[in-house]
Amino acid sequence: MSAHLPAIQIVVPLLAAALCVLVPWKRVSWGIAFAGSVTAFFAAIGLLSRVLDGEEIRYALGGWAAPWGIEYRIDAVNALVLLIVAGIGVVVTPFALKSVERELDGRRIPLFYGAWMLCLCGLLGIAITGDAFNIFVFLEISSLSAYALIAMGSDRRALVSAFRYLIMGSVGASFIVIGIGLLYVETGTLNLADLAERLPALHGERTVLVAFAFLTVGTSLKLALFPLHLWLPNAYTFAPSAVTAFLAATATKVAVYVLLRFFFTVFGTAYSFEQLRLGVWLLPLALVAIFTMSLVAIFQGNVKRMLAYSSVAQIGYIILGVSFASVTGLTAATLHLFNHALMKGALFLALGCVMYRVGSVHIDALRGLGRRMPWTMAAFTAGGLSLIGVPLTVGFVSKWFLVLGALEQGMWPVAALVLVTSTMAVVYIWRVVEAIYFGEPSPRAESATEAPLSLLVPTWALIVANLYFGIDATLTTSVAGQAARTLLGGAP
Amino acid sequence: MEVLGLFNYWVVIFLMMVGFYALISRGNLVKKVIGLNIFQTSVIIFYVSTGKIAGGTAPILIGDDHGVAEAGAEVLYSNPLPHVLMLTAIVVGVATMAMALALVVRIRETYGTVEDDEIQEQVLADEAVEGARA
Amino acid sequence: MNAGELALLALIIPAVGAGLVGLLRAQPNLREAASLVTGGVLLGVVMRIHRAVAAGEIPRLVLAEPLPGIPLELEVEPLGMIFALVAGSLWIVTTLYAIGYMRGHHEKNQTRFYIFFALAISCTMGVAFAGNLFTLFVFYEALTLSTFPLVTHAGTDAAKRAGRVYLGILLSTSIAFQLFAIIWTYLLTGTIDFEMGGILEGRAGEGVVAVLLALYVFGIGKAAVMPFHRWLPAAMVAPTPVSALLHAVAVVKAGVFSILKITIYVFGIDFLTQLGASVWLMWVAAATIILASLVAFRKDNLKARLAYSTISQLSYVVLGAMLANTMGIIGGGMHIVMHAFGKITLFFCAGAIMVAAHKTEISDMRGLGRTMPVTCAAFFVGTLSIIGLPPAGGTWSKWFLGLGALDAGQVGLVAVLMVSSLLSIGYLMIVPVRAFFSPASNPHGHGHANGGIHEAPLPSLIAIVITSLCCLALFVYPDPFFQLISMVAGP
Amino acid sequence: MESVVDLALLGLLAVTAIAVVRVRNLVAVVMLMGIYSFLSAALFVVLDAVDVAFTEVAVGAGVSTILALGTVALVGTRQQRHAKSPVIPLLIVLVTGGMLVYGTYDLPRWGQADNPIHGHVAPEYLADHVPLAGQDGEALEVHIPNIVTTVLASYRGYDTLGETTVVFAAMVGVLLLFVGTGGRRGASARGAGGGDDDPDGAS
Amino acid sequence: MRDQIILRIAAKILVGPILLFALYVQFHGDYGPGGGFQAGVIFAAGIILYALVFGLDQARAVIPMGVVMWCGTLGVLIFGGVGVVAMLMGGNYLDYGVLLHDASHAQHIGILLVEAGVLVTVFGVMVTLFYSFAGRRRAG
């Protein structure tokens, strides 16, 4: 069966989605979703371990040879992304069980898990496929379900956020389709590897340039690259807790992956970074994103929104690593994909626990919770430290490589700025930590008790991962390093 | 043919941009959704027109059921692949539209309006309430 | 168990102590006993390690390898041994003191206090035994974080504000400058290990070295070199034992110790002297010495005055490091020890006065010598040591620093040292002098202010006597520390 | 002949699109959208995309229009005039459109048989002779005349699975939004009453 | 519209042929334009027409919401399931060639099956969407 792992990776969540909707019992529906995500997780581990052996996995769907049929192509880069998505899925699904029952009307729950699995399936599908148009199809699966999931937030602003996300997301998707179409017209193929072979001959063409521009802008809309991030803060703020945690940790990461795939594999480093000098464009964007969004995060009253802005800033860090177009830079970027998923996942889950008990995640609602919910708050603090980049957490590892990458390029002001901006993270995280431990409890917080185990265990699982991969980053750095070399076209 | 070759694309681009404009400039959510629909339909027109071969015919092979390949060699068929892709795109478009319209309906039910600026006012009011309550 | 594992044990013991304290929170007596026992065990372990180090051994132990080629590693070299000895021996004394103080002062959340106190010591040991720049950075940050709850212990708005300043300055300087410098060093040399004679020689030019050195000196905010000194006075809102041990010994000494260590093992003394890249930093240190003394003059609050005195004295060590010659390093290393014992005595006294006489302002302390003779006598001894007068230990460090400045040809710095000593006579000596020779300032104040002897609680008093005796003993017998520092200070 | 029809249809499409932007009665706009779909379907026939045309009529002109009409019936038919300045949207549109026009200069001319798009993958489809994976170029003939069907259901069947899933996702999404929320007549359908209501939402 | 007898009769007459036409489109998809999508939509159109003329509740009585939802889901399972069966029979996912001994013939079967899946889903979803939108009362 291991030859079919790539298919299992996608098909199991897909079929699980259908089954979730079919069964009328919410707990059974959850069970199916959980089984689906566990299967996907083990499939992702299996694929990653095969890729790490130096194999590039190809899987022809329908048995048709590549440029004619659709194929999966898995190397270190997407194997890592698959693991991130499936891993977060397997952690957040157990969390969803109680959290969703609290935040959602019971009749919706089977449908919710249907959408949940569809979102997982869509994100995995984008990451695994080797076909440009197929990316679009799965992008739509994940996006449509994400819109619905976000709209499930209990605040009425969730609806507006979901609608705005839908508009921005659809524009992004349409841009991507236009880009793919232009490439297709120029080359006659949709297969990514095939495109990569045929494009170098066309590097001077204006059409290719425009295709590049549209793909970049379209994908950037999806990954919320500053200044195309406007949909993100509210979407994350008002979505149900589990949805925020899942999407924040996965959706933008997959979009970044798509960007990396097009920049480095399809168009090639020579085109993107030498001919178009993309680094010159990405670098200032990333820096402005990091700086302004960290600044905005400092002034947010709603902690979820604060973290959402911080997410936009963190995407800036990833793009910064990409802009160096060097092995270290890309290692930093891919590492941060993984690490940021861990820390933001953990932080949003901790907030989910607060939401469960207190019903609000405004900073004033968190006051004095340090005594009432010690484990949850300890998790939040630990996640926050990781976000700041304190050593022995994953955040530090990312930062280390990022600064190293900047210094390698001789850009020491950039390196300095990376470090200076992480002190801004100190400010916005510490505001919350201070409220948690020194604030006078609000009436609602006064009666709050520690979150139930089914919420705490997933949260702490991610915190432990934050610490573990911070103390022993050998595995993650070697995978990220391999991914970076793969992207730059060297031997894996 | 040479001029027409590009002119065709230009008109399609114009169509796309009209849809795009309706999408980003109008405050009425229904209008936005319809603008999105026009935009997407125009992208479909663009794809399909790239598959056309002048003087060609629809990619349904002519001839008896068994010797299709041989018979097909003499007839000029338009490219089937864009058609397939666009079948998908049409369906994706309607799916997106259904989602968008459902959201519009729900927004209307909770906000009592589908005009962007009026909704924004209420959203800001909500933010103020949240700030004051906490 | 070899010495490397013992070093790890030195980190674990306080952490275990913290756990014990947490478990015994319901029985304060047992809890305090646990603290004391842990302190005793730690001191024993540190002594054992010292035996190995004094014999010329350099124990090592790799704990983990977070990043390839960048291990988390413990290594006990003589300089670290000095620091560990100071921190280890003073911890047990401070615990003794704290028991009296915290009870006498009726502090809340005493369990939390002892837990984080123990954790901070664990981190201090980590700093002392750090085997490379990364490990040093890890424990340095951990020390900041573990002391934060102690600074904000009172939970008042003032404490919160102070905590913000504390964390803000220490974290941001370390992340923005120190980490930057570490990564830069790694990029230049491909290693982050501490090596005798430095790792940068031949790998970096004069300009780069100057910038790097500045990044380290300012990035190690705990050394409180101006203008990054504001956190130290702010931290004084903490309970006095915290100020005494952490902000006179552990935390601040972790800062100057790190600078000394980096100077010796990353830059290399010879390399630095040869480049002359540190000269301007000497003057920054000198300026801090003078300016902080001047500010201290204007503080009426005793703890605040002591805090600025600390800032001033810390820069002696920084100055010693920047002199980058044998005498300078010996002076700096010795000053870590001497200042630790002297300043902790002063803080103990300040706390004792606060608990027993409820006085915090110097102007209120006239005539206090009559009600608290032992405390005020101890204060006098501590003052002698800080100023650098015989028969207290501080004499030696000042002496060597002066020699170092002369060796470096910086006569101006010798003048700075003289002026600063005069200043410290002025702002410190005034306290015991007034206490003994002025009439009581407010005879109608507290009832007990006049009537007979009213000293601090007994455990605290014992602690005060011990440390002040140590100050005197170090004048007669500074040999163990002198031997250790000589091992690293070159010929 | 083809080109004339082609141009005429494009012209009509342009007119319809502009009307969509300008007309403020939403019912009319929805009808215009339906007309736009019909016109594009006609264009697809000219462009030899009969399957696409068929689908566009059924889905684009049919389902979309019905759903949009239903929505308009629920949310009101007037679009308000609003004060927002059209400058920024116009600018975005001009830049985007300009980019695309710029890109077309290097685009292969419309309708040429030797364009790359017709050369690489398509011939094997049209020859009904598509290679199988991992079998040294050995190919299989499916023997279905409508190549679009074969490509859709077999060669790129996985895309179609995805597309089916998108449709399914839309159903799940819409149900999620509507189940258990206000204004439900559907919920009361099983109970008493409600039966006499005219489904004005869809007429 | 309940009183408009002509419309009702016309609709009654029309619904049958529409459904038949849908089946034609489905099965003729191999030879002419058409296939699962179009057939599904046309099938749905038949139901929608019925609902428009006879009222939503009448239509729901004939084909309840639960059934169409179930259809919408079932189609995905059919499509995905064909792929799984292919996998179990030793081929790659969605490789219909392994379903029968003769690969070419097997492709026909596979295509027919997945088109059926598409038809069922599209039909189910379209009717569900229609029911959902038409079943809402105007608020405010």
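By written order: A, B, C, D and E. Residues from 1 in each chain.
Methods note: a contact is a pair of C-beta atoms (placed from the backbone, for glycine too) under 8 Å apart; a residue touches a chain by one contact, two chains touch by 3 or more.
Source: prediction; values computed, not measured.
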item	value
Chain labels contacting chain A and also chain E	B, D
Required minimum of steps from chain C to chain E, each step between chains that touch	2
Chain pair with the higher count of C-beta pairs in contact (A-B, D-E)	D-E
Distance-maximising chain from chain C - centres being C-alpha averages	E
Chain closest to the middle, measuring from C-alpha centroids that were averaged per chain	A
Gap in Å, rounded to a whole number, between the CA centres of chain D and chain C	73
Interchain centroid distance [CA atoms averaged], chain B/chain E, Å	23
Mean-CA-position distance for chain C and chain A (Å)	44
Inter-centroid spacing, chain D versus chain A (mean Cα positions, whole Å)	29
Interface hub residues of chain A, defined as touching at least two other chains	14, 17-18, 21, 60-63, 133, 137, 140, 144, 147-148, 151, 178, 184-185, 190
Residues of chain C engaged with two or more neighbouring chains	none
Shared interface positions of chain D, touching two or more other chains	50-51, 55, 59, 63, 67, 70-71, 74-75, 100, 104-105, 107, 115, 117-118, 121-122, 125, 132-133, 141, 143, 145-146, 148, 152, 154, 156-163, 165-170, 173-175, 177-178, 182-183
Inter-chain touch pairs (all)	A-B, A-C, A-D, A-E, B-D, B-E, D-E
Chain E-facing residues of chain A, complex	4, 7, 11, 14-15, 17-19, 21-22, 59-63
For the chain D and chain E complex, residues of the former touching the latter	50-51, 53-55, 58-59, 62-63, 66-67, 70-71, 73-75, 132-133, 140-146, 148-150, 152-154, 157-158, 160-161, 164-165, 167-168, 170-171, 174-175, 178, 182-186, 189, 194-199, 201-203
Residues on chain B engaged by chain E in the complex (per definition of touch)	58, 60, 87, 91, 98, 101-102, 105, 108-109, 112
Of chain A, residues touching chain D in the complex	14, 17-18, 21, 60-71, 105, 107-108, 111-112, 114-115, 118, 121-122, 125, 131, 133-134, 137-138, 140-141, 144-145, 147-149, 151-152, 178, 182, 184-190, 194, 198, 205-211, 213-214
Chain E residues touching chain B - in the complex, by the definition given at the top	31-33, 37, 122, 129, 132-133, 136, 139-140
